[in-house]
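In this document, chain identifiers A, B, C and D correspond to the written order of the chains, with residue numbering beginning at 1 in each.
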Amino acid sequence: MRRQLPFVLVFLSGFFMIFQYFVPHQKSEFVYEFLLDWLTIIGGFAMALGIWSLIRVSYDRIKRQRENWGYSVITLTGLFLMMFFGITNWEDGSFGVYIYTAEGLSNSMFVHFFDFILIPIQATMFSLLAFFIASAAYRAFRARSVIASLLLLAALIVMMRFNPIFGAWIETVANWLMNVPNLAAQRAIVIGLGLGMVATALKIILGIERGYMGQG
Amino acid sequence: MKKTSVIILSGVVILFLVSWLVKGASLSGEENPYLQGFLTTFAAFLTLAVFSFLYRDNPFYKFAEHLFVGASAAYWMTLGFWQTLVKKLIPKLSDGLANFFEVPTEEHSYWYFLPVILGLLLLMRLSKKGGWLSRWPLAFIVGYTAGINFVGYLRSDFVKQVSSTFVPLLIDWQGVGHFFSNFSLAIDGQFVMMLANVVIFVGVLCGLVYFFFSKEHTGLFGTASRVGIWILMITFGASFGYTVMGRISLLVGRLTFLFKDWLGLIS
Amino acid sequence: MSIFDRLMRLDRRWVFLFLTAVCIAGYYVDYSIPIRVTNETRSIYTFIDSLPPGDIVFVAIDYDPSNQAELHPMTYAIMEHAFRKNLKVIFTALSQNGPGMADQAIRDITDSVSLDRTYNGVEFKGREIRNGIDYTFLGYKPYYAIIILSMGQNFRISFPTDYYGTPLDSIPMMRGVLNYDNVACLIDLSGGNITDAWISYGQGRYNFPLALGLTGVMTAQYYPYLNSGQVFGIMGGMLGAAQYERMADNPGLAIDGMRVQLPAHIVIVLFIIIGNIGYFVTRRREQLEGR
Amino acid sequence: MTYLLRVLLTLALLTGTAVFAQGEPPAVDTTLVDTTTVAPPAPVTGLTGKDRDNDHGHAIELTWTPSVDDLENPSGARSVLRYRIMMWKPTEAYRVDTLRQMYDMVRSNYAPIRVYKPLVDSALILIDQGMVDVSALPFEVLLPEGINRTDAPAEMMKYVRKALQDTLAAMTAQVDISKDSVKVFRSNFLAAVESLPEAFNANGPSSGHGAWDSVGAEVPGATFFRHAGSKEEVSPDFLPDYADLYYRVDAATSDPAVYTASDVCGPVQASGQWYNSGRTVVLISVIIFTILTVVFVQQARRGKELYVRPLAGIEAVDDAIGRATEMGKPILYVLGLGAASDIATIASFTILSRVAKRVAEYQTQLIVPTYDPIVMTVAQEVVKSSYLDAGRPDDYNEDIVYFVTQSQFAYVAAVNGVMLRQLPATNVYMGKFYAESLILAETGALAGSIQIAGTDEIAQIPFFVVACDYTLIGEELYAASAYLGGEPVLLGSLKAQDYAKALFVVCAVAGFLTLILADATGAHWLAQFKQWFMVAD
């Protein structure tokens, strides 16, 4: 009973959504949007689980003085400071409940944290890609086989598409590669992928695929 | 070893302080110059700390990483709290709470107690006994999206692709004579355009053959599958090469921050 | 370990170091990057360059901040060129966030044209660019297809006033300027569907010279219009913008960008080649030894 | 920071004058425009309207024959530059618009007013107590020139006092913005919306009780307009269902004063449908696919052997676990950035359960950092039951699967840290990945781990292919999940997928041939084949 009932719920909600797709009536759209709201709200509650896990793991590391435990102190400091700024109203010097305005969360310390800590690290992490795309190219683009050579050749042509050493032909070839074989391959992948997803979704609704519930 | 660490650390601290003071002094005239100077210097320090990871893992990277993890988790939690729970849910349930949080009241809908119950059931995971109850909200979420995905992908990734694979082989066909007398290799010529359609058509079919799982890839089938993987590889190579430009721009963005906003070396 | 083994197993930190060095150098070293000017960009430049002072160029700024990196340099290059040649410019912005883009460009170029500069060996004195005399910014209106169409009759149908609220008839440069017939050419800078509307509703019906500035990914699909003569020039992405800047002898955002991009790409390609040389030589040696 | 300016802006809104003014565009000064009087053009003819098919209601489709003087018609006067689509709105509908605007305004201003009113109140008390320093007020006061004088602070304060009193008076007198008034405005508005269909039905254009309103415009040559209203009552373009609507199309010229109206068409009613016939082809596919899947799953259940071609990535998974055990190093399993309900993530859960089971058997260490709290919950459940299946429930602990953060790059930073500090023998990336794919895979390669990846994000496959040892391309991820799930039943669906692909190939070849035949023979009906596969949005 405990194990079977959730699968009944999976089937019912899945079947309803399929049914809903074919019914354009306002009443069916209303339920659809309503359920969508539910999802975000449940997601809001799930946040607490995540934060709890983060705190527990960090605290555990500090308590047992595991390797690098000092850094977990930094994690927790960052976490609690940001939370504090996020729910208090700093501006008026009153630490009451934060006032949500149309402009969003405007506690200036919260904004500073975002602009000068989150954004720089995030942008820099992202920019590491410039280095990694170079090192991956160097490491992996070796003409070991036909397949590897094709990969290498296509990459070289597209990368050199605006290099003045080569004639205008290289740009033409690069554009052709991006427009023709690319389109074919994308479509083949999309179709296979679509069917894979459709099949998995169907298996979930029918209760054949149960791995995600822990071996059902 | 210990000694070098201390030297490096104190070096960084001194550089940080110098940068802070210099930056603060250069910003005099603006509001809170030394706060601004500190923030910019700190952002630059974090940027360099992340870049130092390219050399090897080190305490500065660890510092940035852990700070980032903690602060970003709190950021998303705060945002989720205000935007979903407070803004979406509370006005539907209680005027008193809505007033408390200063959000506009809305018409009550007691249906919204259900997601609250499901959300609370999800939190039952934390209890040893009631853990199994957390499967209920999960079942709802998974079933709901599986239903959407089932029809959604069948339509967009299958049915729709059928019609878009219908491309004409012959373009502007005015007879064989005309074709050969006007033969050209120009990118917008008849031959190249027709070739493109053929390549797309054959490419899609061979690509699909590669994705057949229940048949051995031998003989003609094997050849088609091999052509399929070739086309896939050409595509992957080309996409990889095409992305390089955008990624370099990201790096340039960070370098601009360091050299312009922080050091002021570029005007 | 032979040199070739080393080439094959180079520590990737060398790659990182070279890439950083090249990017910073691209910024600092003032080298001129050879940029191959394609015909489709050249024709836009020569068209504008050949216009007599006083002629009007219509620039449609139809992009959002998300396409700024590629299209903003084009706007800057064309505006600078036009104002230096004493041409007048009419702007519209038919995408929702376009007015912000146009506003920024107008402010920046007004500042830049006030300075003395030399382009292609010709000295240009700085001058003041005045709203209403040197340029008019018509602003944004929804339903771009209808706007484009109605402007073919009279600009005043869709834009009785300019962006700043001045009636078009009290703007000096708009005296007697009724519709597309009174502008020398129209340049559409866009990252989306509006280009199609300019081609079919604008050029297709009113037959004015039209040139396009597009994002890199869009470019290929508009070449047919070039061949059919509906469009007299196309600038594609950051590359196209760099070509215009090169011809105008006015290196700006795009050439700066390409100055970094080109060596960075070359460094990556060189590393790939080095790795492959190492790979082939070692494999050959192993084959020989194996025999 | 609270600015008086904002209070005053709110005030301007509250006085209500701006609200009721209709947003007419400024009239064109025709004296300077070259408008030699345009003759009124011929009207639009044959105007018909009908409910849009396959929708939730709230939309009407109009078709007509263009005016003879259409710009597109070379034989006419070519003076029609556009068509204005007009709808008859009874007086009640205009009242609903006003009520909607008021409700909107009250609702959006409620929160700020609650904050500002006490501030203004307290400022007035301070001023009455004789305070003369403007800068001491809890908000910035923008004073007009001539008033802003430090030499006469008392004069200045008088002005400030007056301004604040006016503001307060307007706040309380014009529209009482309070919790209750929001409710009152809402119920008034909703009641008026409720009675809209009646009003439309009772007052057609012939009654004269109402006026024509423009609902859109079309270019010359157009013969069709879709008046798609919103189904939300609070939206300004709300269009009621089951109400008699009347339309008219004006042929407009360059002179705004010169246009010709068509005959009125109506009444038409919008209504919602219960079946979307434009999606029949999807319904057929759903049925075929379900039957195929059920049939092959049944076959598998009955014990029929199903052949599945070997996938390099799948075999690598088992080898990699063995390798990790030998080296005594952990295995890192990354579920990607997907939500628990994403199909790729669900496929990844199935693969995780297999990996976790092996890991438990070999007593190797497993690390699963997660990005989404719900994914973490599910992954914990999956790993726990795998350990149970492997007969080692005691080896399971809650720290195997943990949450990091819901920020893309912070998550990457943390996983990078794990890779370089714990040096896992194998990294498995299965699920949804975005730009971070290459950062992860390159850092893993740096740490010397064997890497196996699988994702359904097409844009990221190239990076995994380049940087990982084994990559499951697209659909192979789902195949791997079915294969590693351990139950033969799951393989049945692979067979169904292959049949669907074969069906696709057949349709595509047929389509290709029909197009060639249609071209060669000129038979138009052959080209129609494509239409069968068109799906309504």
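Note that contacts are C-beta pairs under 8 Å (C-beta built on N, C-alpha and C of every residue); 3 or more make two chains touch, one makes a residue touch a chain.
Not measured: the values here are computed from a predicted model.
Trainee: Sort the chain pairs by how many C-beta pairs are in contact and tell me the top one.
Mentor: A-B
Trainee: Could you state the distance in Å from the CA-based centre of chain B to that of chain D?
Mentor: Each chain reduced to its C-alpha mean, chain B and chain D end up 17 Å apart.
Trainee: Calculate how many whole Å lie between the centre of chain A and the centre of chain B, each centre taken as the average of the chain's C-alpha atoms.
Mentor: A distance of 6 Å separates the two centres.
Trainee: Need the CA-centroid distance for the pair chain B / chain C, whole Å please.
Mentor: 27
Trainee: Scan chain D for residues touching two or more other chains and write them down.
Mentor: Residues 108, 111, 115, 279, 282, 286, 289, 340, 343, 346, 374, 377-378, 381, 404-407, 409-410, 413, 421, 461, 463, 465-466, 473-475, 479, 494, 497, 500-501, 504.
Trainee: Among the residues of chain B, which ones contact at least 2 other chains?
Mentor: 50, 53-54, 62, 64-65, 68-70, 72-73, 75-76, 102-103, 122, 125, 135, 138, 141-142, 144, 146, 149-151, 154, 158, 161, 165, 187, 201, 204, 208, 211, 232-233, 235-237, 239-240, 243-244, 248, 251
Trainee: If you look at chain C, which of its residues touch at least two other chains?
Mentor: 12, 16, 19-20, 23, 261, 264-265, 268
Trainee: How would one label the connectivity among the chains shown: line, ring, star, complete, or other?
Mentor: Complete.
Trainee: Quick check: in the complex, which residue numbers of chain D touch chain B?
Mentor: 107-108, 110-111, 114-115, 179, 182-183, 186, 279, 281-282, 285-286, 289, 306-309, 339-343, 346, 374, 377-378, 380-381, 404-407, 409-411, 413-414, 416-417, 420-421, 459, 461-463, 465-466, 473-476, 479, 494-495, 497-498, 500-501, 504-505, 507-509, 511-512, 514-516, 519-520, 529-530, 533-535
Trainee: State the interface residues of chain C toward chain B in the complex, per the touch definition above.
Mentor: 13, 16, 19-20, 23-24, 27, 69, 223-224, 227, 238, 257, 260-261, 264-265, 268
Trainee: State the interface residues of chain B toward chain D in the complex, per the touch definition above.
Mentor: So the residues of chain B touching chain D come out as 50, 53, 56-57, 61-62, 64-65, 68-70, 72-73, 75-76, 95, 99, 102-105, 107, 122, 125, 134-135, 138, 141-142, 144-146, 149-151, 154-155, 158-163, 165-170, 173, 201, 204-205, 208, 211-217, 232-233, 235-237, 239-240, 243.
Trainee: So in the complex, which bits of chain A are touching chain B?
Mentor: Per the stated touch rule, the residues are 2, 5-7, 9-18, 20-21, 34-35, 37-52, 54, 58, 68, 71-72, 74-83, 86-87, 97-100, 105, 110, 112-131, 133, 137, 146-148, 150-159, 172, 174-195, 197-198, 200-202, 204-205, 212-213.
Trainee: Quick check: in the complex, which residue numbers of chain C touch chain A?
Mentor: It is residues 10, 12, 15-16, 19-20, 23, 33-36, 38, 219-220, 239, 258, 261-262, 264-269, 271-272, 274-276, 279-280 of chain C that touch chain A.
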